[in-house]
Structures are given as structure tokens and as C-alpha cells.
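Two complexes are shown next, each including subunit A; its partner changes from subunit B in the first to subunit C in the second.
The block that comes next holds the complex of A and B.
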């Protein structure tokens, strides 16, 4: 009976002590079906991979080519994650806890690279620093005829660090902002220096935030297709795309996909082991902000650090895009490569649809995971991350196989495209929804219930308004990420359906870099607006 | 909507210990037990709350008092036993009525005011059946009652701790609950405000004519605001009664030690007298001592104000001062008697002993004393 479900749901919202004893059936079923839906593509992938045959699979897996790709992929993930933490954490600490001049500006500037699709960054870096690039041209008259190659591991790692560190920056910043300063003050009075207090009190408290960001960076790197493809670095994603299109390469593509998923699962397992439990995640709303740390003579180096990151992330690619814009003849009107505003409309349409569906799917999962510590809730929560980790190429490959084999009605529709986005980006909505839910004192729901409101009404009148900013931020994040999603869009779009992204990829493929400039800039601006939404929300939180 | 409850300016009963015993209790707990996994938080609690009274569950932290309160509210489901509210069974025999259908109000420890709503919106939150005009009138009426006239438009974070408590009270009283539950209502207030709000909350509850159950670990608070006190320990109710009765005649060693400062004199009972380290006394001194106890050891409860110390030389003394506790108006001296018992003596601030002084201790109590079988 529905009432029982609601009652259980409401009990779930009471103190944690009881959470394990009973799981709300309706909510669990809802959350579980969301998890199953986003995990389905992996089952289809297994279905496809099982067609390879054991003997042939073994031969392919143990080939030196395959092992090389595996090493490349893992190495890239490790390097980029480390780099992301090294850039993101110091920037977060500087902008939250110190007297760094123009903190507001550096906050925005440090978060902004998130709106530059990494493949656009990669284009511009290839253009700027590649052989015969802008830099080479500039240096040639000075007698420098060779600069270090941007292609390969270095280039891929550099570009990915620059455009993924904001994940660590933002999650660390959020953790720092919600951190109760009295704890540090308590430590200081217990004879700890600022640094000791940071190491023993602040760091352990913000570690879950850093870990969450690092996990996003690792998963992004593993799944990124555009950057390695442009940097000609042989990792799983790039190889899947190449083999998928090559004649007779689909067996290999399926095996690469499986390995990619396996590496992802390893990362998730590591994260869940070191990730702190949710205890202590209840943030007192009255938490006082920490006093500012005076940088003193470190002010100069700190500014230089923040400025350097911004120059490499934003100034260089924007300068290159603007250069392209001025150099290329406005020959847009010609042929199949002509630009049309319809591409932009298509981008917005599918992204908005993905954002809405993600929020609807994320709420039950977030509610369950925020209010229950049972193994089932944990599994459901983790399962949704598998879809996020499954790279766009894998999801695209799997959904294509599914469409062709089982659902010809969906094949070549925007429905399957939006579904692919939801599979990929649901956890972004989930993360913000869950953290907002954790900040809502369960006592508020109890208060509403003792005042005569049914659990559903209590949720609508109390919880929903309080988590709305978080939910909106989650939607903005999904929208933003979908706008720049490349591989699944490339593989699943209906014939003739172009978005900004596919247009950029097409003109790049044809060597007309300059034509990518305008839509790329538009994309960056639109994404920038979404970022403002997120920052506005942060201000709401700070009060 | 009826506002008769609020406008009736009922004078407080002269003797607030007498609850209307003839009527059926508004809330009845029978054998209520609550287990969390292997932990038993509440064990077979029986309790009746009478209409109109203010009953306080008093006990140390972890004694199960808050869990008991949450069971009354319907926020926890009892593992066993039954709860009857206003004549209706609300928990027990496989049946469970949720908090929104019970007609209970609750004031939370940290008030749990809705941060996104104004004062008036918070108070009106539970008025689900009233139309806007009625709700508005009711909100004004309650803001009057809690002395927050004209503050309805304020945001919650603009209020002081005391004002937040008033809003929390008004919010929970608005739907006219059958019973109001208060979870450590004063623990979030500073000491001075706490004493002031105790009186204020009692005034408001009595003016509203509501039955209330409060939970606290603060014995002074419990004794000063309650009509009746139920002392809890380790999930059980050890004693229920009016504050004076519980304080003066604690039925267990735990209750004796938890309420006020307690010392115990070990005594041997003879056929005619009882012999202690500070002298022999008539058997009548011990309340309800039966003949069968002749020859047995008992522990006699002595409060600081039952004893008086006087300076004495070492030979004539009963013991040595081992600790002095200065409270401002008075001293409490801890005296270790020759047989090892430690008792406390209350003196005014002028009588000054030093630690190590030898003293004689006299029993000056003018009432019978509680006692417990020796251990």
C-alpha cells in the first residue's frame, strides 16, 4: 500500500540510528530502477563482447598493442589526477581561506576552464604549440627551428589537467566553505600551529571533497575521447573509436570497452575505500567562516601561481580562437560545412532535456543514499556512477548495438541520444542533490510531520525549497556538460542532426580549423553562463 | 477555530503536584521497549500522563528519555509495547499511527525552525486545515502568547536564541495538539536566559492549557518547572512523582544520587536504634524501617542540609574535611568520616573550614530519612 511506503520513507528521514533497520520499499524500487536503466548499456556491451569468442579474445587481449594501450590509459589517468589535485587544492585554499587579492576574480577564473571543452583546448594547443603552429612561426625568425612536440602523452596530460582541475577546485572549495572554523580555532588553542591545524583538522575534513573531485578528474580523463584523439595518443577511447569505424574492428572495440569499464571499476573501488563516511557531513548552518590566513610575503608567488594557471587555461586558447576568427575568410555560407544557428538550437534542446531527466532520476537515488547507509543504498548509488564512468564512446558503441539489434524504433532518434547523456551525466545531478539533502536537518521533516503534514507534503514544503539551489546547480552542471559532450553525440546523432559540437568536429576533420572558432566561442560563452548559475548558488550558500 | 484554550486566563493550581487523577490519562505507555540492533534504549516503560499536567522525563544522557519522547511523537516505532493517545491506540499490536496523524506537537532541542520561511510562515505551517484569515488570526494570537507581537515578518536567522524558542513553541502550539513534547528545550540557551525561559515556557504552556512532556538532564530545571517528574536510568523509569516527593524520598540509590547532592551513612540497625559513624539515632528516623531489618546494614541518605560540621580536636572528631565547594552564598564541605563514608555538609559563607581540619558532624534533619539496604 502506498501509505506504508510513504511512512517508511518518512522514517528514513529520521535519525541515522534507525536507518539500517528498514529500507523504504517504494523509494528503493524507484532508485533501483534508475540505477538499472543507466547500467543497462553495460549489459548490452557484455552481450556484444560475448560474441567475440574466448580464443580470439585471449589472443587480442595479450597482444603488445593491447597492453600498450592499457599502460597509456592508466598512466594518463594517474598523471592527470595528480596534476588536478596539485592545481585544484591550492587554488581552493587560496581563494577560500587567505587574503589573496581579487579573490572573487580568481574564484571565477579558476572555475572557468570547466566551460572550455577539453577538445577545444586541445585544438588550440596543437595550433599554438604544434610543429608549424603559432608559437613555431613566432620563434622561427629567432633561429629556433624545433620546439618540443605537443603530441602524445605530454600534450594530452597537460591539456586534460588544465581543463579538469576545476572539478577538484570546486569540490574542495565547497568542503572548505562548509567547514566549521571553530574546529581549527579549537586546534590552535590546543597548541597546533596554523599548518599543523590545517594538516590534522582541515585536511581530514576536506579530504572527502578532494577525493570526490579527484574521482571526477580520473573518470573524465579515462572517458575523454577528444583530447587523446587530437593529441594522437593511443588510449582506450581513441582506439575504440578508431576500431569501431574500421572494418572488422568491432570485436576489438568491444574488448577495449570492457577493459575500460574494468579500470573504471577499480577507480571506483579505490574511492569507496578511502572516501570518508557521511558522518560529520551534517553541516551546522551557523558554522562560522574561518579567519583569513595572511599570505604576507607569499602573496606575490600566490598571485603568480593563480595567474599562470589562468593564462594557460583561458588566455592561450581564447587568443588562438580569436586569431582564427580574424584569419579565416567568412566563407561560412559555402556547401556542407556552412554554419547554421539550428546547430545551436539543437545543442540547447538536447542538453535541457538531459538536465531535466537527470534531475528526475537523481532525486530518489540521492534521497536514498543521503538517508540510508545500507549496502543496497550504497550499491544503487555506486551503480549510477558506472554509467558516468563508462566513456561516451563505450555508451555510444553499446547503444548503437542495442538500437540496431533490439530497438530499431529508437535507432537514429534524439531519444536515444538524450538517454546516452543521462547514462553519462546522472551522477552530476546526483552529487549536488545528495549534498544538499545531507545539509537539510532531518529534524525539519520531523517537525513538519508533527505539524500534521504527510511525508510527501513535508518533502515538498520543507525539503524541496531547501535543496532547490543544489538541484538547480546540478541541472546546470548536466546542461553544461551535455553541451560539450563529443563522442556519444558523434556516434548516436540522427543523420542530418548537427549540434555545435558535431559541427566543430566536422570542420576540424576537414582541416578548416578557423570555422570551428565561432561556434567554439559561442559554446564557451553559453557554458560560461551556466557557470555563473553555479557560482550564484555558492553565494546563496555562503549567505 | 476555537481559541477558548488561550483566552481562558486560568490561574495556576495552588498545589501543582495534584494532577487530576480521576480522569483517564491523555497519554498512556505500556511496556514500551525500543531496541536499536542489539542496544536496548527503552525497557518496558509504563507511564501515564494526565490531562493538563507538565511531566518531565529526567535522566542522564543515554538513559533513553529522548527515545521515549520520540516514541510518543511517532517519530520512532516501539519494538514492543503500546502507546495510547487521547483514548486511541497509536502504537502496538502491529499498528502504528504516523506523527502527522497523532495531534502531537514537538519542540526540538535546536528548535528545527524552517530556515526558508518567516516567523509567521513557520507558525502557520501546521495550520493545514484553516483558511488564510483564520490562520492569520491564529498566528497573531500565538505570537501574542509568546510575546513576539509584530515580529511575524522576521527571518529566522534574525532572531535571538530565546526568540527562536518562542517561535518553536508557537509553531508547535498552533494546531492545538493533544500533547506537547519538548526535547531538552533549554539546552541551546545560555544560563541566564535558560532560567528566564523556564518560567516563561511554563507560563505559556499553562496559558495554552496544553498537556506537556519535557525531557531534560538538568535536575534543577525538572524540579522547578514540572508538575511531575519521571526519573529514567538505563532505559527504565525508576520513579515517578511530584518534584518534592521524588527529591525527598527517592526510591532508589540512583534517584537519590541524581537529584541533588547525596551522601550515604552506613548504619547498623539494632532492635532499638541505628548506629552510624556520627552517632546512634532512634529507629524512627528511617522512614518505613521494618522489624525484620534488626542486625542488618543499611545506607542512610543524607543531603548536605541535613548535616552540620563543627570544629573539634582530633580525638573528639568524626572525620576530616577533604574538599570544599564554594557556591557563593554557601560552602559545601566534603567530610571523610572515620569509617570511610564521605558525606557533605552545607554551611553559610561565613563558616570557614580548611581542607584537613578535623570536625564533628551532627545530624540536624527535622524529617525522616530515606535508606537503602546495604551493599
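The block that comes next holds the complex of A and C.
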């Protein structure tokens, strides 16, 4: 989710290009079948939910149980979004507009928490601040025999804020960088104080940027499975998984899935509305950089603030992971928990497969949508974004039902697992492929055609080499995101098939944290690489 | 009874911790005494047995040896329910080494999840599992009640000593007792009643107990209570527990951990979770109490059944017989601290024998009927 939403954000900034109105039949059919395929899981979900029966569905939906989960989910989204704004906006202002010392360092450090998958953050927070964690051990000699529990709402909210606020930070930063500083100077000459100028001039200008980031945070929070599961907080994703596994809970899991998709769609609708009205509002137009605000005596508190955030986001989890590395693996933990390189190989295998299939699926859709503005092309294009509306645990639930009921031959195979990844991450490949295609001048293709090349040859000889870097970046993104994917992998993997992620999950469940250190660090590095891909593509100014 | 067995358990817990620490090297380098350097894997009882003071000096297990059973050959898919700790997987790894021609595909998940999946697969005629090995008899019963389990031959069923722990469709392979783990620093064994139904009324336990209501073993316990004590009494018990204040955990290992940490003074958990805590932290102040002749003293079993639609029923059944072999029973007794199902294999150390435990007369298959239990628990607001 993290990368796809960022990708989606980046993509909104891409300008339109020329198009022609004729739809090539073969291409359209190809693109349409991709769209139909990725929409199917939502239909299977409806199919499964329809088995519940109206009477029982109404009873379940209106139970205190269900309402509690709904309230928890919405509450967590609201709290994390607010928290993300409260951390992200001040950090963005500090790093863009003030004379904060080591600004470049704080800019990078403030964006970096995106590289820690939130479930690994949650995992390390439980280890550090749990009832018998490192902090408890540290405080025990001081006579503190009990620390507040990390589990529940506040634990989930804390971890999610720490690992999602960078979305707000990055979007707000972009807005601040693009905004015309002469306006503030004008306000100042009109006798406005710094604060008045900020409130009346700067804030309205950067609000769309903040909103965009906040919506990304909301979407991420809603779809995240690992953090609430680890923090034992009962939200939709966590409850879908729990009920799927408990006796008599699968009906409820189906209803939870539908509700989760519905709430996600609401947020997506809000986002697309704001995105449409404010498109480009927070994109750099080569505006003049504002003059620096001198922090003066606020320099100390400002530094402390930035440092505290960095310590909690990066230093704590990394220290915990490194500490785990030094733990001796308890021998009694048995062979089932032994680490095997095969898990890494499995991760690479399914991720590479997902990347290749995503690219193959994305190319026709992207080509169609870049070259045509017809309603059909638009529908096909929109349909392939279903991955944004369907969190991993929902796709997992839907495909399990589909596999058992309709496709025993695919059930519990890597094929269905890779398909789940494609549904989830196709939008990432699509985003990069389309923005690359939009940059290709159609006249080049026309030139190739006049030189006697057939359309397919022209595409292969002219277009493909030009879009290759973008396509490769998309493939890399899908690959790296798939490596980190937790819930669908957990639910859909074939018998006996473990990846880095499922191994970490298994080790966590049994309490043998030490064994998770190495694969967790590998995943952090992998996430770091996916950040690099995004940054390299978007050439974010971290100056 | 509780006084006597309380003492026995305390002794048992203490020595087990030491024993397991002593046995670390042996376990991590499976198989302990076996060797596969020269191609042929050689093994004996000690390969299966845990090591340490309480295990050493045990008589050789009786019953049917693996050497007297037909060899396991071919591919077998095993759905393993609830074997989170991986101890079952160790047994499977030994079998893999003994039988190089055996391919075991193991899928782990919660028992309840597997049971529903097996029935779902059976109904869609896409059976994947040959054998279901579950830590929860309720899950075995659920599969059997839905017609997805084959009848077992008398060869298999006759290996299990007591009628309590077998049906036409499934056999128990090891037993587990419901217990009250308690923190010895927080409360005394005498604070705990012999009668599970009176626990919510104990002032010393108010606001200081832990449970795991979403956990299969706990739901089985409530099912037993519902059937033995009646629906109204159970509803009252659940809501009294809620009123008294009870902390919620996702599973019973964490309940036992919380007891050892003093987060709660006592809890509801299967007996071996406390032993696992002790195993990891020998000094943890945790002990076990048993109630008598009620749902709180229920002995559930891990068991196995062969799934309808298997392409290899003979191999599947032979595999189940291996789980009841002397060696496998010795493994369960000495490594997972379970109660052997074969009468010629004794439980370890100071563990009260299954005869001493005083469990209720109860058809374990009835544990499959969890739906009313869940409705009840939802009604009260526990789930």
C-alpha cells in the first residue's frame, strides 16, 4: 500500500498528452481482459458474502461486535491521520522554511521511516515496550515493575503514526517548495506577524498537500494488517483474519471484508475529488524559495522535536533488531523454527513472477489509456486500480474462497498467490508504465509507420526502448513491494511454502524474536531499495 | 487432591525447566542419537526422547514399535492444526529421516481454520489433505460430523487405551488438561477453588485473571461448560467473569506468559503452555492448579483422522499408526509433556497421571458444536 499510494500520488502530477480516439480492437480486448481479471476478486467476495443470507447478515452487521470493529477502524484511521499531520507538517515546515541546523540530514531522516514495514516496527515496539520487553528490563532495577501496556489502540496508533507520517511530510514539503514566497513577504510588509502570515498565506496554500498526504495515511491505516494484528487491536483487517480462522467466523469475515472495501472506497472517492479539484496545486512550478525563518531560541526545541521523531521511528526499531541478532537462538525451539535460505529464494521467486506479470498486464492497459480518452479506455484504466480498494487480507479471503469453490486446480498454488499480488500491485506498474508512455512523442511512432513498419514492430522498435527505464522501475517497485506483502502471502501460500515474511510471522507467533532479526533487517533494506526507486524516479528534491 | 498434585506439579515444574535447559543441545541437533552420515539413518528410542534428569532412567516405552509397522512410502499432505511451537514438526522430521521415501507436505494453521477448510474442500471435491492432525478434538469432530473423515480400521483404534479418546473417525494421540496457571508471587494455590464455576466469586481473583476467548482450546472449554453445566450457568459464568474484570489475550501461551509476568494473577490455559513458559524461563513464578470433575478439568486430546478423498488411504492410516507407536508416544510424553494415549507409555516426572486428573465424563466430539458457544460468547460480549 505504501508504495502504491505514493506512486499514485506521483502519477497525478503527470501531465496529459495527445491522444487519438480510435481504439485498436486487439489492444482493447487485451486491456479489457486484464481489467476483468483483477476486478474478479471483488465479485467473488460479493458471491461469498451473498451466502450469508439477508437475515443473518443483518443480525451480524448490527451486532455490537460489528459496530465495535467499525468504530475501532474509523477511530484508528482518524487518530493516525491526525497524528501523521501533527508530525509531518511541522517537520516539513522546519526542513523547508527555517534555519534548522543539519536540514538536509533531518529531511532524509524524516522521510526514512517509510522504509520500515509497519509490522516490523510494531514487532520491535512490542519487543522494546512490551510487558517483559527491553524497556521493562531496563526500568526493573529502578523499582518500576510495571509499564503501561503497549497493546491495543494506543500501541497500534503510535506505530502507525510513526511509519506513515512521512506521507504527510513529503506532500507538505512538495507544497511548501512550490509555493511562491513573495506572497509571504508581501504579507509581512503589510504588517502581518510571522504566525499571521503563516496562517493566512502559507497554510491555505499548502492545505491541498497536507490533505493529499493525510488521505494516503488514512488509506494505509485502513488496509494495514500486521500492525493491528500485532497490537491486538480489533479493526477490520485484523478481525477478518481472526474470524476466518475461528469456528463459524467466515460469514462474519466476509461481511467485514465488504465493509472494509466500502470504507476504503469512500476514502478513495474523497481523494479523487480533492485530487481533481486541486490537481497540481502542490506541484513544483519553479516557484521562488521563501526566505528562511530564523528559529532563534526555538532552535533547541525544534532540534529536539526532529531528533525525538527520528529516535522513535528509526533508532528504536533498528536497535531492537540489532539486539535480536545478538540473542542466542534457543535450541529447544525445534526444527520448525529454523531459518532456511529457501525462504528468501521463495520470496524472490514469487516477487519476480509478480513483477513480470504486472508489467505484462500493465503495458496494454497503459498504452490504451495513454493513447485514448474514450469512455471504454477510462473504465478499463479505472478498473485496474481495484488493488487500492482491496487490502491484502480481503484479496486473500476472496481468493481462498474462489480457489476452493471454483478452481481446485489453482487452489494452494503459487499461481493464485502471484495473481493476488498482481491484483494488489498492478497499479504500481501501471503508474510508471503510463507516465513513461505519455512522454513518448506519438510522432515517433508515426514516423516509424511511414517508414513501413507494422504497428507491433513500431511499438517494439521505437516505443519499447524509450519506455524501458520506466517499465523497469515499475517492475522493481512491484518486486520490492511483493517481498514485503504479509496478509495475502500468509493466507494463500502453498502447503510447505514459506517466505521471509511468513517466516517472520511464524517466529513472532512463537515468541522466538531472535530468529526474526536477520530476515527483518533484510526486509528493511529491501524497503529502502524501493524508496530509492521512487525517489530516483520522482527526483524528489531533498536539498 | 489439589494439595497433593499441587506439590507434585511444583516439583515437576522445577525439574522440567532444568531438564529442558540440559536438553537444549540434544534437541537443536536433531536427531539426538541418530546418525545419517553413512547414508542409512540409524535410530533408537532415545532419538525420539527428550533428554535431562526427569527423562533419564525411564523404562523403554511399551506398545507397538515403529520397527513393527509397515514402512511409510509416498507423498502425504498433512494439515497440522495448532502446532505453533513446532514440536510436532520435530517428530515429522525424525520420520522423514527414518523414511527417505516419504514426502511429507505440512500445512500449519489453527485447528479451527483447518477444520473449516477441510470441510470446505471436501464439499467442493477439492480435498488436499490426506491426514488432519489437530491439537483440538473439537476440530476433529467438526470434520467427522460433516462427513469429511474416513472410518479408521480397528488396527489403529485398538492402539488407544481408553474409549474416552477415540471414535470411529479419529484417535487421540496425546492428551492435554485444562488448568488454572497462577502466579505464585501473587496468590496461593489455596486461593483457587476446586470448582471452576465458583472462580468469578473469588474476591482474590477479581480483576486479575487472563483468558483467550478467541482461542480454540478456550472455546472448547466453554463448550464443555455449556454442555455439562448448562447454557444459563455458562452465560452467568461468562458475564460474572466480565464483571469481575478479566484481561484478554490472543492465545493461551500469552495468557501463561502474562501470569508468569504478574500481569495477571491467574488465567485459563492448557497445562503445557505453563510448562513452555517455565521451559523458557525456569525461574518464572508460575504453577498450575486443577479443578475437579467439571469443564475446568476437561482433558482434550490432540488427535488424527484420515480425510475422505485422499488418494492414499493406506499410507494415511499407516501414518496415524506411527503417531501411536511406542516411539512417537515417548516423544509426546517427553517433549510436548502430553499424556500418552498408549497405556504402556508413562507420562513424565511428577505430572499427575491421567487417572489422577479427575476430568468430567465427556464426549470430546461434542466439542465440535462450538456454534452455540460462540453465539453465547458473542451474546455476553466476550467475543
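Annotations
As a working rule, the second predicted complex is superposed on the first by the 312 of 543 C-alpha atoms of A that agree within 3 Å, B and C clash if a C-alpha of one lies under 4 Å from a C-alpha of the other, contacts with A are read in each partner's own complex, and residues count from 1 in each chain.
What we mean here is this: contacts are C-beta pairs under 8 Å (C-beta built on N, C-alpha and C of every residue); 3 or more make two chains touch, one makes a residue touch a chain.
A quick note: this is a predicted structure, and the numbers were derived from the prediction, not measured.
Of the two partner chains, neither subunit B nor subunit C is touched by A:485. When the two complexes are superposed, the chain touching more residues of subunit A, out of subunit B and subunit C, is C. Contacts of A:454 after superposition: subunit B is touched, whereas subunit C is not reached. Residue contacts after overlaying the shared chain place A:64 against subunit C, while subunit B stays out of touching range. Applying the stated contact rule after C-alpha superposition, one finds that A:381 touches neither subunit B nor subunit C. When the two complexes are overlaid on their common chain A, residue A:446 makes contact with subunit B while staying clear of subunit C.
By the document's definition of touching, of the two partners only subunit C reaches A:408; subunit B does not. On subunit A, the surface touched by subunit B in one complex and the surface touched by subunit C in the other have no residue in common.
Every residue of subunit A that touches subunit C in the complex is listed here, in rising order: 63-65, 131-132, 145-146, 149, 232, 242, 244-250, 329-337, 404-405, 408, 411-412, 495-496, 506, 509-511. On the subunit C side of its complex with subunit A, the touching residues are 20, 23-25, 27-30, 77, 83-90, 93, 105-110, 112-113, 115-117, 120-121, 124-126, 128, 138, 142, 214, 216, 219, 249-250, 253, 257-258, 261-263, 279-280, 370-371, 374, 378, 381, 383.
Subunit A makes touch with subunit B in their complex at residues 7, 10-11, 14, 17-18, 20-21, 285, 441, 443-444, 446-455, 458, 461-462, 465-466.
The residues of subunit B lying in touch with subunit A in their complex are 36-37, 70, 73-77, 96, 98-106, 108, 110, 112-116, 125-126, 128, 171-172, 174-175, 177, 181.
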